[in-house]
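The letters A, B, C and D name the chains in turn, as written, and every chain counts its residues from 1.
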Amino acid sequence: MTKAVLLLECPDRKGLVAAIMNFLVAQYDANILHAGQHQDAEQGRFFMRVEFECATPEGQPLAAHFAKAFEPVASEFRMRWKLADSNARLRVCLFVSQHLHCLADLLQRHKAGELECEIPLVIGNHPDGEGLTNFYGIPFHTLAMSKGNKAAVEEEQMRLLREHNVDLVVLARYMQILSAEFVEQWKAKIINVHHSFLPAFVGSKPYHAAFARGVKLIGATSHYVTADLDEGPIIDQDVTRVTQGDTIPDLIRKGRDLERVVLSRAVRWQLEHRILHYDNKTVIFD
Amino acid sequence: MTKAVLLLECPDRKGLVAAIMNFLVAQYDANILHAGQHQDAEQGRFFMRVEFECATPEGQPLAAHFAKAFEPVASEFRMRWKLADSNARLRVCLFVSQHLHCLADLLQRHKAGELECEIPLVIGNHPDGEGLTNFYGIPFHTLAMSKGNKAAVEEEQMRLLREHNVDLVVLARYMQILSAEFVEQWKAKIINVHHSFLPAFVGSKPYHAAFARGVKLIGATSHYVTADLDEGPIIDQDVTRVTQGDTIPDLIRKGRDLERVVLSRAVRWQLEHRILHYDNKTVIFD
Amino acid sequence: MTKAVLLLECPDRKGLVAAIMNFLVAQYDANILHAGQHQDAEQGRFFMRVEFECATPEGQPLAAHFAKAFEPVASEFRMRWKLADSNARLRVCLFVSQHLHCLADLLQRHKAGELECEIPLVIGNHPDGEGLTNFYGIPFHTLAMSKGNKAAVEEEQMRLLREHNVDLVVLARYMQILSAEFVEQWKAKIINVHHSFLPAFVGSKPYHAAFARGVKLIGATSHYVTADLDEGPIIDQDVTRVTQGDTIPDLIRKGRDLERVVLSRAVRWQLEHRILHYDNKTVIFD
Amino acid sequence: MTKAVLLLECPDRKGLVAAIMNFLVAQYDANILHAGQHQDAEQGRFFMRVEFECATPEGQPLAAHFAKAFEPVASEFRMRWKLADSNARLRVCLFVSQHLHCLADLLQRHKAGELECEIPLVIGNHPDGEGLTNFYGIPFHTLAMSKGNKAAVEEEQMRLLREHNVDLVVLARYMQILSAEFVEQWKAKIINVHHSFLPAFVGSKPYHAAFARGVKLIGATSHYVTADLDEGPIIDQDVTRVTQGDTIPDLIRKGRDLERVVLSRAVRWQLEHRILHYDNKTVIFD
């Protein structure tokens, strides 16, 4: 038996769900484990996630067989689609700098079985995360950034990602901005986390600005990385209450708690193929 | 064109979704507006909500036609199902005592178009809600409870509910316990709200008990009424934070805010046919 | 016996709390009911709220006596201070337009005893709120805005506020921008509520922008009105979770629920003299 | 200069705050950094936390000097009090079993400087936590429980606690019940975390019970350990939303996230001397 997730998007049309379900039943005698759908009524677009179980087609892995068999349906409905083998664990590379709270959180969740993936390596622009990464039995590569070597560092980063067949990059408080070229090559395959406030503050010291403004809530947002810094499709957000009694270090500490939560949730959803993105937003199937 | 919601439950089986979707397309050339499904893997049960749009079958309302046409599918899959015409507004009767915050909230939401239903009458065991109810143009019936007249009052309540073709009773802080007979006749058609605490407190003064215990959260729960008092299927819950600075009146006030929110949400979900219940729990399609 | 609240702000200095407490005990034999303090360590500023009970000084109201008696302490520590008689209920005027959810909420809370104030009048630029306001026994004045009459309308509004000895103006979804002159005359005496999002959206259709951006949280903020539109000191904020399943009307409905909560909280805190503001932020004593 | 926290409780009385503040100023020329107070009006009890800074009294540590100097004030007002030197870091021992999420979280926060304490040792009844504990440079003692050796194990645990001058025991998902004798000896010095649900479920599989009941919220509570299992004074609580889509493993995972948060908050508050307990509840000064 094989378990798989089908994620698809297409113009909304009559008979769509019936066609997909009929295909899965007729072709694979599939057992539907979960199905979720979403319609963007304004744009007339349809989104679906189907998790199913079926016998492996003789002589070949499901993915190869599916690609051919599903083609007529996909064409007819003009679908953008992806089939993921639920048993195949994605290969994830974490990028980290000097703040280790997200790294520690992700590694512990991974170890505890909450994140079903392989983590073949962690890359840092500082060596701070090395000890903890190695403790969990994972190789750590320090690629220090200095003035002028950014292009060379990114080339090496991408070489490592290719070498280790990485599917997903998670910026676990990685404090360097990735180049447009990097982002373009890893479109919708890089997840980042950043703070967020009401109202929004720009500049390098947002917690100081939030403190000065007396905000009553602070937040964090996980998102796909796009060329527009911190403006990619939002995956998850959360907030917590603060008061005048909270100092700037308190705000930073509370912010870290939120970062852990929204980043790990985004990663888990990605690993479980629960996210579709279109335009500049996401559809989450939970 | 007609809009309708199909809610159904049955043993989980292969081909189920395909069969339902094929039926809707083949029989009514239906346009699926929303569809949600849920599986209880442990029990092997399947739950679905489909909102669709179709041409009205010639010569008769959809409901009548559907009942006959869907029969073979429903039999085959041993479905418990219900079809609701989205244009037919449910008829709701509110029961109230002396605390009017839920009544005021529901009437204002109804007036503002948030609750798509008819409210042909409000029944109180005290006259306190009469003025506000009448302001919104709705008749108010005071049926006072006294020692020994409970059975007679309930008979009159049920007579009024029948007379006004009421579909749903909402206990908007109605402080009388309905008899087992009443509840039995209105199974899954009475929604109530009550406070809830961590840990739970029994007895007549739960806010006092929560205060004495120093809880840090207070909550409210909306649920269907069953013969077991306050033990029916949970529809919605919410909590809010409290501190030692909160007095008992503060707890009660914060509790009211929660009651408004969880009760109005439960009512809206019921009006939109978003709730399925089984065993002692609910499935919410949102 | 008299109950009063002393709110004060001054440069932080040794002996401050002792001096204030000694004064209250020596001068009035006061019974301290609650006391809260806050220090802004960065700016070296001190903030305090003391709620106390004492015998009324012979022959005069406490306020008059206090002003003279407290003067030496206030001078010595360079205090900005205010004494409020807890028994004197503030006089509040609500401004409203066509959306009545905040108006209905505030009037119901007032009626239920949650907001200890007088509401001598409600002013609308549309007549929509008149019926409900009158139901609660409160006069309603419609002062319609049209091109060119803004100055005249504001003059009449201010005349009514003076005539009714109003202490606080609450913009309960009042959709007109007050002039800089109006705001200047009613500094820190006007409370408003507006939506807020992560990230922030400007322009006239923020819910549409939030929908297009796929935000996962929507929020609302209550604040004092200053000449900078929606940029005054924040009093309270709250958020709620949204999903791709929420339509724009759903976002607006959820936004209304937040508006009710954060506006009514801000009003209650103001009535209980729990808010100090400085620079562009607030200190809340709860 | 010395920084200290004074925590006290006494019958409420006029002149109390003035007396305390006068003492601190007259005796130590103290600079008040933070002060919080709480009154239980029903019981007529007063609670206060004062964080202050002063010159070290000549020739002796503040604690010794304070004990003698404060005695007359404490007697007069019948205070139960405690002075904690802010610079002296409490010594904390973590107890752990096989679930390591709370251990990993606390060790990482400690390392990152969020928890200002010493952790001289970790004790497990299983060896699972040893590797991670040692990674952070902390000795780990495995004291396995088996039928009949509980008394001996507890004796050894207490010996280790005394040997390492431990001030606080944190049960970081320690799955053994401490004996009444142990608890008695470490009164208000053991912090535990447990799940909590609305309504409450007893028995050994609460997540299964919550799932069966269809709860919409799950929670966690941190509390002091008393002889009544899981019934000690509540320190912190939090909840998160769940849906029918959440499986039992999802509930457990969400529960773990809450456990991390409420346990680490309770520990931090204890380290910062922010908790007073009386009867069966706590006062938190934040």
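Criterion: a contact is a pair of C-beta atoms (placed from the backbone, for glycine too) under 8 Å apart; a residue touches a chain by one contact, two chains touch by 3 or more.
None of the values given here were measured: they were computed from a predicted structure.
**Q** Identify the chains in contact with chain A as well as chain D, in label order.
**A** Touching chain A and chain D alike, sorted by label: B, C.
**Q** When B-D is set beside C-D, which has more C-beta pairs in contact?
**A** B-D
**Q** Among the chains here, which has the CA centroid at the largest distance from chain B's centroid?
**A** D
**Q** Just give me the whole-number Å value for how far the CA centre of chain C lies from that of chain D.
**A** For chain C versus chain D, the centre distance works out to 37 Å.
**Q** Could you state the distance in Å from the CA-based centre of chain B to that of chain D?
**A** The mean C-alpha positions of chain B and chain D differ by 42 Å.
**Q** Where in chain D do residues touch at least two different other chains?
**A** 34, 41, 243, 245
**Q** Applying the document's contact rule, which stretches of chain D touch chain B when the two form their complex?
**A** Touching chain B from chain D are residues 38, 40-41, 196-200, 212-217, 219, 221, 233-239, 243-245, 247, 279-284.
**Q** Quick check on the complex: what are the chain D residues that touch chain C?
**A** 14-18, 21-22, 24-25, 29-37, 39, 41, 241
**Q** Enumerate the contact residues on chain A facing chain D in the complex.
**A** Contacts found on chain A: 34, 99-101, 104-105, 108-109, 111-112, 114, 131-132, 135, 243, 245, 253, 257, 261, 286.
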